[in-house]
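Below: a set of structures, written as structure tokens.
You will see chain A twice below: alongside chain B first, and alongside chain C after that.
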Partner chain A sequence: MFSLIRSMWLVFLHMFHKRETYQYPEEKAPLPARWRGRIALTRDPDGGERCVGCYLCAAACPVDCISLQATEAPDGRRYPGFFRINFSRCIFCGFCEEACPTYAIQLLPDFEIAEYDRQNLVYEKEDLLINSQGKYPGYNYYRVAGMAIDGKNKGEASKEEPPVDVKSLLP
Partner chain B sequence: MEANFWWVIGGVLFVLLNTAAGLIWLERRMLALWQDRYGPNRAGPLGLLIVLADTIKLFFKEDWIPPFSDKVVFVFAPAVVVASVLMSFTVIPFGPNVVVADWNIGLLFFLAMSSLGVYSIVLGGWASNNKYALLGAMRGASQMISYEVFMGLALMGVVLLSGTFNLREIVEAQRGLWYFIPQFLGFIIFLIAGIAETHRLPFDIPEAESELVAGFHAEYSGMKFGMFFIGEYLGITLVSSMIVTLYFGGWLGPAFLPGIIWFVIKTFVFISLFILLRASMPRPRYDQLMEYGWKVLFPLSLLNLLATAAIKLILTDN
Partner chain C sequence: MNIYIDNKKYEIKEGKNLLEACLQLGLNLPYFCWHPALGSVGACRQCAIKLYKDEDDTKGRLVMGCMEPVRDNVRISLEDPDAKGFREQVIGWLMTNHPHDCAVCDEGGACHLQDMTVMTGHTYRDYRFSKRTYNNQDLGPFLNHEMNRCIQCYRCVRYYKDYAGGKDLDVFAAHNHVYFGRCGNGKLESEFSGNLAEVCPTGVFTDKTLQSHYTRKWDLTYAPSICQGCSLGCNTSAGERYGTLRQIANRYNGDVNGYFLCDRGRYGYEFVNSHQRIYEPAVRPHSNGAVKKEQVVEVVAEKLKKGRVIGIGSPRASLESNFALKQLVGAEHFYIGMSDADHDHTALALKILKEGPARTPSLHEMEHADAVLILGEDLTNTAPLMALAVRQAVRQQPMHETEQTLHLAPWQDAPMREAIQDKKGPLFILHTFPTKLDELATAIHRGAPDNLARIAFALAAKLGADVAPVDDLHDEEKTLVAQMADALLAAKNPLIISGYGSGWDHFMKAAANISWALQQQGRAPMLSFTLPECNSLGLEMLGGHRLDSAIDLMEKGGADTVVVLENDLYRRADEHVIDALFANAKEVILIDHLYNQTAEKATVLLPAGTFAEADGTIVNNEGRAQRFFQVFVPKGSVQESWRWLLQIAEKAQVPRLSSLQNLDDIVWAMCVAVPFFEKVQQIAPHADFRINGQKIPRESHRYSGRTATLANENVSEPKPADDIDTPLSFTMEGFRGEPPAPLIPYFWSPGWNSVQAVNKYQTEIGGHLHGGDPGLRLLEPHLNGRPHYFREAPDRYIPMPGHVHIMPVYSIFGSEELSMHTKGIAQSAQDFFCIYMNPEDMHQWSISPGIWVSFDVDHHSYQMVAVPNHWLPRGIAALNAGLPKSKIIDLPQCVKLSGAEALHATR
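Here is the complex of A and B:
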């Protein structure tokens, strides 16, 4: 009996506590930096696309909401011809970000992507590409990868030795 | 005189129905306050228009009568609760001259009408033809039978002290001392019985969302559900105003405010107590409820009656 009266009193005291509610549209909740929200395609420091169209994100996606088409530019870089994410299917699991070998696809702390029309939730490449390097500033895939493109031959990437001529007998 | 009478009836009806609707807002805001939230605060100032929005929503919902139900009783049941509670309000003196029916059997009429309210639960649960609804109705009936008995017995202490069943005269008799001091046990018992009577949260076992879906009104929708809803809030207002009338001196109070204002203030204190109970109490099992009623409160109320009668006898002999 006394425990009941005590709990009534304690609940009554909550009148003078601070309220926990965020008044959402006016007052936004602080999102952590690793929040898995809207998906974006980032760019490298030179402004080029990071995505090389390897399909690993589409393969990792458990709900198959990513579709893309790899294309090769004349300078030897690969890029996605189209890149489409259906956000009405996306479950924001972040597997695509984990799978991506070039840090191109990243999940941003932004959840305000509601739409009245379901079709508007299908984002094309121009909607996904952002003018930012995302969580990995300074990373440039073609500068560290050994792949040859125009203006950078094999052995010219950072921390890379020139290739060994295996047909030469000299050490 | 005749015109004044109609003004009182109209005014009481208007204020009561609006209070019952406004209590939806009040309860949600108070619960939110005690749970560190805001509650409805978007529609209108302080979210007051949520009442209007809720009412419009209820009116425009599909008013579905289940094909497997007993249709006549199904439609009839929600009207009973509102009608019986509103009838009880006729005998309550809201102010020195503001009373619809100044009867010398006022208290008995209140007991009779509040017991009639259980018919709406039983009939509604029976007519729904649904096992959850029937279980809720059975619980409602058993709860009412257990708690109605000592609710009446607790009130007899007040009747003994004042020597009348007329609620206006009971209020007048409290001019010297409000009855919650000499009748403290009776007040506690009546408060508990009143909570059980209105099926409010510690004793809402006929409804019991977590066990019985929604209990007796599981099949109701639209304005028929709204009637049960309004009936519940009217019931809270009724029991609060009965507590105020019988134990807290009704419209009596310092003269700088008119009597009816004092009545409203005291009533709202008890309505807030009801909401606080909802915010803080867990629901007992229904056998615990019966046991508590019959084994604790019933003997206590008998003891209260005997002691009051004995003291009254000794005092009048001297």
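Here is the complex of A and C:
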């Protein structure tokens, strides 16, 4: 009997507490930075596409909803010729982000991607590529990878020695 | 022989090394520098194991598995912590300079280095300092070079120089700066350079054509396929993604191609993706809009019923397609779609192999020949992998000697090569032109084909063949004959090679005589013929009339409807001949996959599937029938030629082909109609074959993008296509274990993602696949048959004034129709308008080099640029054969240079 009255009293007190409910959509919920929501393709600090089309995200995807085609630009950079995510299949597990060796594919704190027509949930590269570095500012894959591209020759990446002179016998 | 690995007893054959033994037993021991075809050098220190003195030895010592022979009761340990630690350390060192670029590396996902790194447990890099870098080289259209990734295992140069005889790839510089490349930028000269992509355990050499439409191995849809590039029938794995063919990889077959392919075979696949492909049927004159499949089948059936029909088959179409056409039009109306010269050569080869007592060897057997005689053939250009086999064969004799004197095992590569130096077994080449194998030859002889054939006939006579004596040989030629006879008689398994390459069939007759004579002398000779195309022998076995007689028949009005199967007839006879044939035809029904000159003339065009979009059987030069499987479901109305023909037969109510639906049906019908093909039914399991109730998947278990690839068209995924013809499925679902050998789509094993996984599929390293190598031989020699020798040698060649004999020159890049659709191959091809002539002839007829000469063939005048070639004897000229714009097909032939006046050529 006492516990019943105590519970009702506590409920009564809650009427005067601060509200926990967000009045969505008028009021947006603050999401943590690592929230696994909308997937985007980010750019490196130079503004170039970070995605090099390595297919690891597609391989890691448990629902196989990522499809792309690696292509090489005349400047030596690789990029996805097309990049398609079928969000009607995506389970937002974030494996693609974990698999990505270049921090290109990132899950962002945004879940507002609902559509009335399922076909509209198929995102192409134009829909995915954003003009930002996302959560990992400063990382530039080609500055650490050994491949030469225009503007960065062999030996110019970080922690690289200048190219070997094949004709030299010096130690 | 027993060995103990980690205290477990295993049985293993003698003569192996411990690394081979471990791999053969299914144990995972990492390695880099060892390659089953190249042997051991012990350079990478990766296969370290503990070797114990005896049962009581607990300490043991570290040895390299690849350098230690298998001995009885030897005790080793792979799991010993010292050995494991050593292997992990070694890979740590190898990886210090490895760049951070797997994501942009084409090897990734099929990389031996990745596999071995994971296998040893070296998962994190310890090295924190700066890395060595190299500049790359441009190696031409076939291979990419990325030297930073190199781990200095030396496999590339050992393969390229020692195994394939290349000259322009080497190792440069010293100490930790060693560099594997060419002297400077430029295309790799070897015709077998593409194998570097598979030999290299990491991504230094990668396939450039794959890069242009790059897909990881796990994303490719593979099917077991057979190369269509020449008559050898190498086994390949063809990989597809997004509806285009992306890669041809080697598919190990212990009897045929082993570990390697030639560049024509590896890169000549781009025609499948060509913009000249025919995807929809057409009926001319054009109706409004596209015709539907069912309509066009009805139209064709109607035309066949009305007209008097002949069918022309093709040496590049499968047995099934040719058979279906033969049944559709009736055997008496079926013509073999080969040029007359090709037909003659193939028919002769078949007759010799079928009726004679000499056995025709597989490529693997050729590698073990101890004496080789090549008659009128430039193998590198007409049967490239046979040239590679001959390269190995010339090492046999010195290797046997060394084995006996120094007690070295054949796999001890470095000491073996050191001991052999440049000693070579007997190899004799009689050919008009220099060949790449000349450098290995004991003796070479050049001259007019007739004269060379006379030497070969004299050799046959000397060996005891019942042929007319050839007595007017020069002294030098007589010595050569004696030398060759001695060498061939001293050998246990001499190999005689001839074929279509020179255009002279006397060489083939002489080769038959020689091998038969050797057979009667109690040797076990091998007789091998090169043939023009991938299914030349199969078509010849099926049989049909000559193309010539089709042309005559049409001229006389004996037929008015021609059904052409996968054949560009303009490659089979001179242009005006084929023009006349089509002019006499009311209807030309063409089933083909590329839009070519013949397609221009067709009134009905049916889109056929290429080797990647069709199932079928082809017969190689050895008489081995092999099955190729459909890789992917094609676009448009494309389907197998035999399926078109079956559908047409159904509508036209041809009883011979009634109620046949799928591949098994037509193969069965073929085996019933042609008992010679009886074995073809057993080449591969039938369509109802299942393992644990499951099909064999064409896709890997990690295939990606299933729910996104077609989502741009419709977000609801379509049902995957069914395969009613084979036990393979077009999906990633199915049996995951090892399929039967003819059905292996690609080599993969847990922990072994690269092509090196093949070790897990073999009964013995470098031996047969489990359950036997795929393909069945249809030809076995009549060992007790009495040979009917070809008695008459040709007359000594005497040049005719004002005339030249034109002989064909084949080349690996250019002479084959389909591979020319690959850009890199087309770039490497010769010019079609050159006529090579003897310089003295040119001087006599006052033709200066580089000038256009005109000459008549069959009252048709041709102009070509004269190019001097001092290897040509007087009175003999040569043309590049098989090039796309070649007008003169009928080779060899004697032509008259159009008189002195016409020789003033117009510049």
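Basically, the second predicted complex is superposed on the first by the 163 of 171 C-alpha atoms of A that agree within 3 Å, B and C clash if a C-alpha of one lies under 4 Å from a C-alpha of the other, contacts with A are read in each partner's own complex, and residues count from 1 in each chain.
Operating definition for what follows: contacts are C-beta pairs under 8 Å (C-beta built on N, C-alpha and C of every residue); 3 or more make two chains touch, one makes a residue touch a chain.
Source: prediction; values computed, not measured.
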Quick check on the superposition: with chain A as the shared anchor, is it clash or fit for chain B versus chain C?
fit
State whether A:4 touches chain B only (first), chain C only (second), both chains, or neither.
first
Which of the two partners, first being chain B and second being chain C, lies in contact with A:12: first, second, both, or neither?
first
Can A:91 be said to touch chain B (first), chain C (second), both, or neither?
neither
A:20 in the overlay: touching chain B, chain C, both, or neither? Say first, second, both or neither.
first
For the three-chain arrangement built by superposition, which of chain B and chain C touches the greater number of chain A residues?
C
Contacts for A:31 in the overlay, against chain B (first) and chain C (second): which applies, first, second, both or neither?
neither
Give one of first, second, both or neither to describe whether A:69 is in contact with chain B, with chain C, with both, or with none.
second
A:61 contacts which: chain B (first), chain C (second), both, neither?
second
Rounded to whole Å, the nearest C-alpha atoms of chain B and chain C in the superposition sit apart by 30
Touching chain B and also chain C: which chain A residues?
none
Which of the residues in chain A end up touching chain B in this complex?
4, 7-8, 10-12, 14-15, 17-21, 23
The chain A residues in contact with chain C across the complex are 52-56, 58-59, 61, 63-72, 78, 84-86, 88-89, 101-102, 118-119, 121-122, 124, 141, 144-148, 154-155, 159-169, 171
Can you name the residues of chain B that touch chain A in the complex?
33-38, 276-277, 279-281
Enumerate the contact residues on chain C facing chain A in the complex.
99-104, 108-109, 129-136, 146, 148-149, 172-175, 177, 179, 211, 213-216, 218-219, 242, 702-709, 711-712, 714-716
